[in-house]
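Each of the next two complexes has chain A plus one more chain, namely chain B in the first and chain C in the second.
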Partner chain A sequence: MSVFDSRRLSLLIAVVFALSLAVVACAPEEAVDDDPIDEPVEEEPQRGGRLVIGYAEEPNTLDAHLTAAASAYFVMSQISDPMVDRDPETADFIPALAEDWDISDDGLEITLYLRDDAEFHSGEPFTAEALKATWDRALDPETGTVHTDGVLGPMKELTAVDDYTLLIEMERPFGPLLHGFTMAGYTHAIDPVALEEHGEDYGRNPSSTGPYRFDDWVSGEYITLVRNEDYSWPPEYYENKGAPYPDEVEIRYITEDAPRLAALEAGELDIARVPPAEVDMFMDHPDFEIYSYMTEGVTMSVWFNQDREPLDDVLVRRALNLAIEKDPIIAAAEEGHAIEAHGPLPPNMWGYWEGVEDISYQYDPEEAGKLLDEAGWVLPEDEEYREKDGETLKLSLYIQPTDAWIATSEMLQAQYRDIGVKVEIESFEWGTLMEYLSEGRHDMNLMGYGYGDPDWLYHIFHSGEAGVGVNWAFIQDPEMDELVEAQRYTVDPDERMEYAAQAQELAVDQAYWAPIYIRKNYIAVHERVQDFDINYRGTWLLHDVWLSD
Partner chain B sequence: MLDDQDRISEGESDQPVKRISLARQTVRRFFRNRGATLGLVILLLLIATAIFAPYLAPYDPFEVRPNRLEPPSSEHLLGTDRLGRDLLSMLIHGSRISLQVGLVAVGIAMIIGTMLGLLAGYLGGWVDNVIMRFMDILLAFPGLLLALVIIAVLGTGLFNVMIAIGIASIPTYTRLVRGDTLSVKENEYAVAAHAQGASALRIMIRHILPNVVAPIIVMATLGVAGAILASAGLSFIGLGPSPPSAEWGAILAQSRVYIRRAWWLLAFPGMAITITVLSINMVGDGLRDALDPQLKE
Partner chain C sequence: MTTYIAKRLLSIIPTMLGVAILVFFMLHMTPGDPARAIAGLEADAAQLEAIRESLGLHNPLHIQFRDFILGALRGDMGRSFRTRVVVTEEIFGRMPATIRLALAGMVLAVTFGVAAGVLAAKYHKHIFDNIVMVIAMFGVSMPGFWFGLMLIFFFAVNLGWLPTSGAGTWRHLILPSMALGIRAAAVLARLARSSMLEVMKKDFVRTARGKGLSESVVLYHHVLRNSLIPVVTIVGLQFGRLLAGTVIIEQVFSWPGLGSLLIRSLMARDLPMVQGIVLYMALAFVLVNLAVDLFYSVLDPRIRYS
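Coming up: the complex of A and B.
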């Protein structure tokens, strides 16, 4: 990894990381049947069988420190355990491999008390020393870990006080830390024996403490996992206190939607995501239950590059907010399977400030026109687009060529044309897009994210992230910097919440970007899969799952 | 016409007579081929559609309407897409893009390829070596892959797609022209011109080019079809023009998620591509047969 420009890499990752979480970090939808199965007959779970999961993207590696891909995160979550978990109902932090923890008042010292009965797949006991070794590896710049900054934060020193007590000293208090500990896919303990044995190839032979052991990986085809017979430390909210019921889990990679859904319908897959265009067809299907959850992030938004005229003018940005009619965009891009977004954070994220619903911009093209007039951009007679000092109001919109983004950009182009703003859509592959956005070549861009913590505000709004991070709107606002820093380096949850609320209010008031929608996600589960559930953020709860004949 | 022929046949040389009758024979042979004639008719209709697109299209192709994903009806003959845009209007406007890509890409390939082929074939020696080894390098990559690489360098966009496909198809023309040039330059008239002191450039353009032009025409015609297919393919994988675009491949790409719900969104753009490519191929085949000197009446 050292061959890469580390700064560029960390930037790339910040986003991939952010987007990757879109898949793993999600929350339930109130109206939809949360637990559609609700067993009519209480059956005794039976052991055996193979659970087949259809997945679109294949991981690049299963080394937790070298990837931020959602597909890798999913597999790694099955073979590992988090240190801390969240209650599936209340979202409160609950013990996992760490039975308890202490945080000092200044937030600079965290002590984790680990369980003493867990083992790695190699048979090696799970200890504070092993966890320290794992996190030291993640913190070592040589490793090139891509999500350390957002997940482990500014850790200074790790000390194994005894076999099952780990003392963490921080450079600065780090608000999102406990949240980072819940992300098993990133912060799990790596099996020291496997790491030693496989070295460079560890990413193809991962090993940790989880309910399944890694078995086989055939590129382009599948990854298989087998039951860890010794497993006896699942999170407390599961009925099953021992090893999982299925003998094996196969994650089968089918990139295109159509063949993946065909495999699902043919009964070859037990669980798979269903794209919005197909949801209605599966809703009525007798063989499947559909589960839905909301993305814990704003799936679609327009960002305004404030380094460039005329988007440095708040009047113009407000007008561009007012001109967006969200319903038709949701219909076109997501077949209606989304809700309107009002601010930079989604309602299901801890730290969301409800006030944005009162102050957000409601569709009002006339008012938008007035604001543009006020800003000096007027519509000459017989012209389609506004002008100022002989210059046409023309803005570029950078996107990546995926279905939802294309549909949204085309709708926006039509809606902005109605208020006399010309939009030129430019589409790039993801890597190129990020490069251009960091260089600030764009006027506007579409963006979506998923993230589990309001610390996301720091990443998108802090001036220090402009050009190197994901502040692609190039927001340089000292007041905002102060708020998002305060949020980040405060440990008290209520105080953090307050700072986050102020940041959200400022972001809406200044119209830094235009939030559009938050997607609902759907998964189809075959009827032979019993006791499947998803938690409040859309994470699949697989430990109680068993297969009927 | 008859008068014309009589007058010419009374001329001093019988060369022109032969040429005219040869051209006429060719035309006659072409039209005797029913497939080729049908292809030509369809192609002319398509060209007319492209030229008069704004007048023929019933709606603005990019106007977004609330009635999305409507099946074909009297109001929208081919249905609407997911933004409620009229599919027929999009296809009509898309014909402009497809034909444009086909013509420009082939134009680039044909002009550059022919020049290089003439140079290589006529001059021989190190020029031949340099040009042909370079062509071998280009030929080592499959055409579409080469186009992908070129787009990766130039960036996406309609114009870059044209250039990419054009460059990727240069080697076929170069090889064809070089081969014919090698044989034509040994003919007496070429040798004679050389003996008279004509410059290499003059010999290449006045004496050799006219005699290698027939196979170029055939290949270019077939090449247009190939270029249209390639551009649809590149658009399908997202490397074509930026949205909104009525490019047929792009319409197909955006519609593929609806394959189980809205058949018209895939059927009609697919048919448009098929019919266009098929008609051009039929014309190309007809031309090849008609221009083949072996097939005299």
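Coming up: the complex of A and C.
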């Protein structure tokens, strides 16, 4: 190094570093809205423009019967209509494509009275016959239906009484059915012309009755939808009674959070979800408005495998509930953007029983210790962990390696250590995790869900779902089976609510699992998007949306 | 030469068969249920069973393997478990994007890498040499996804010059190909430099200078050409790395190629799609290696294949 000695090299490196830091630090601020007048003025909605939505996950298919993906559900909801809807404020059932419905007293016959002015994108009229054909397809074992058959429940026979009346005969009454009819993404009517034309490739060329028509799908990039000019049957709670205002909707798929937020900030997206950890950046941003809602489910909970000792002992499970201090976990895992969960259902779900708030376990490590002593797990002198018959109290905790799960598992490990329980965290990729949980290899696992109906209790608590469904706690309790079956096969809402309440009470009493928190979710909406709203469960209400210049 | 090429092409068959066997059995040994991945948490036992049936997962493993191999020989990889589209259609639909990205990355890497290496050798022990080597050190050690994010934040978010993600126009190609190519560029710069420096010491270079040839003729005609053999070898190897690198870079830039599809398919235990992508990527790698070997003889006429 004659020309360039090591001192100069160090200097150069230092300068390069300093410059790169300076470049990052001096990066220009986003253009601030310099229009001093920012008063809300009631403007006439304008037609035109392209609404660009950023989404993390790309759908696998848009054939409603072959997918359970939330991302597919979102797109299918834009191109279709539900049979029944829910009032955005009260959550009561209100008419949609079905103007009215009758349910027989025994719950075995449901009659849907359909509107007579709706039509499919192909121009074919929407009729009871078309709806029957769609649901027959979903219930046909040949179709390999993924989710819709579960939503429709035990239907025995469908009969088109006339063009606009559909009679549904059930094998058993099915409580969640009306809720299922609100789920346009799964239970909408499929355009018979498109299905005939595209056959096996229908999932890439979907068609229904909704406000937007499917236009294009560039795999790995985006899906575009165009306005259905003939649309005149939106839900009654919208101001807009006709076709949507934007010409097009583009749903752009950006899997990773950081690039999706970058696209949002760069103004390439109009609407996108923002992870709680990043929401502060957009809260004060002049170009965006933030909407928030609670997950309709318990986002984080610990499940105890009751097929294994010592978790088959209710005293141990209660102790493990009492040992959890939820606030620090919420701070660590979600930066505070969550509320404490008390039972298996969230407060914003129909069927939630408020009583769980009085009987749920409050943080009390001393009481937890006593319960463990009572169960025979005692702390020997100078030892960190409890023992029974010479065996250490050691439990595995299965997780998937996402930030929130890792943070929660580490907090739990520390909190359980305080009561003398040793936790070994084992982390697996999602597919592997689900298989291991079904095999029951774990002592405990973390889990979260989002669902729209208390029938979720059936899935997680019914003994028939252990090992094959998602009863990964391997709960085998005849009393619980009876309650979750009763809520499932009862159509009277009040009765269902009562059974669901009893199931929640039993779940808390028996400490089947430990609920931790319910996450808040955030949506950033660009200021050029007007009249956007969400309902109580976070569904985007897009039909009044228009784009300002 | 023709015999050599024929032999090499024939040798692709056992290689691909090996890849097929490996990918099939590794995937089937990986825990995770494709039916559960498709149906989600809410599916009950009966639904999962029906889905497995419709995907042909009930057949014994050797029957599934036989069907896979026979199908692959006919170029039919079946339909994706996850999307139900024809696997080869999806792969051919996405392949151009990956090839475009890999080629752009390679062109950037070769152009900037070799040029920087040559100039560094020319200005050996000058400040330029040191700057190039420091940058190359950063290039080799920087993780691609991190560099990609930095490019997005700087050029797309802050400066607003280029789109943050997606594909479609040449402007979309710039940032991902930079993120993809930086590592290969750095490797090539270091290699080209050291290879040039080595050749410069050779007798024939002294002779060329002694003949009174101008420095640029000596450098670019004699030295460069003789330095390129190791560079070309590494270009071939780096192309393999580059193809592998597209998996991450495509994810960061939402680039609609095979890499992002591979990740998604793997997560969903979409066996036919993963098998298809791995087979085609392996084939691309084998063919690139063959092309590199053939290119040697163009660079150095002494190399003859028979």
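Everything below uses one rule, namely that the second predicted complex is superposed on the first by the 507 of 549 C-alpha atoms of A that agree within 3 Å, B and C clash if a C-alpha of one lies under 4 Å from a C-alpha of the other, contacts with A are read in each partner's own complex, and residues count from 1 in each chain.
Quick note on the criterion: a residue touches a chain if its C-beta (ideal position, glycine included) is under 8 Å from a C-beta of that chain, and two chains touch if they have at least 3 such contacts.
Just so you know, these numbers come straight off a predicted model, no measurement behind them.
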Worksheet item: If you stack the two complexes on chain A, which partner ends up touching A:259: first (chain B), second (chain C), both, or neither?
Response: second
Practice prompt. Name the chain, either chain B or chain C, that contacts more residues of chain A.
Written response: C
Discussion item. If we overlay the two complexes on their shared chain A, which of chain B and chain C does A:413 touch? Say first, second, both or neither.
Written reply: first
Worksheet item: Does chain B (first) or chain C (second) touch A:275, or do both, or does neither?
Response: first
Worksheet item: Thinking of the overlay built on chain A, is A:401 touched by chain B (first), by chain C (second), by both, or by neither?
Response: first
Discussion item. If we overlay the two complexes on their shared chain A, which of chain B and chain C does A:426 touch? Say first, second, both or neither.
Written reply: first
Item to complete: Go through the superposed model and pick first if A:392 touches only chain B, second if only chain C, both, or neither.
Response: neither
Practice prompt. Based on the superposed arrangement, let me know which partner A:328 touches: chain B (first), chain C (second), both, or neither?
Written response: first
Practice prompt. Share the list of chain A residues that count as touching for chain B in one structure and for chain C in the other.
Written response: 258, 429, 432
Discussion item. Looking at the complex, which residues from chain B come into contact with chain A?
Written reply: 62-64, 66, 68, 82-84, 155-156, 238, 242-244, 254, 256-261
Worksheet entry | chain A-touching residues of chain C, taken from the complex the two chains share | 30-33, 36-45, 47-48, 50-51, 53-55, 79, 82-85, 90, 93-94, 97, 125-127, 129-131, 134, 149, 152-154, 156-160, 163-168, 250-257, 260-261, 264, 267-269
Worksheet item: Touching chain B in the complex: which residues of chain A?
Response: 257-258, 261, 275, 277-278, 281, 328, 331-332, 399, 401, 403, 406-407, 409-411, 413-414, 424-429, 432
Fill in: Interfacial residue positions of chain A with respect to chain C in the complex
1-4, 8-9, 12-13, 16, 23-24, 27-28, 58, 60-61, 63, 66-69, 141, 144-147, 149-150, 200-201, 203-204, 218-222, 252-256, 258-260, 262-263, 265-266, 268, 429-432, 434-436, 438, 449, 451, 456, 459, 464-465, 468-470
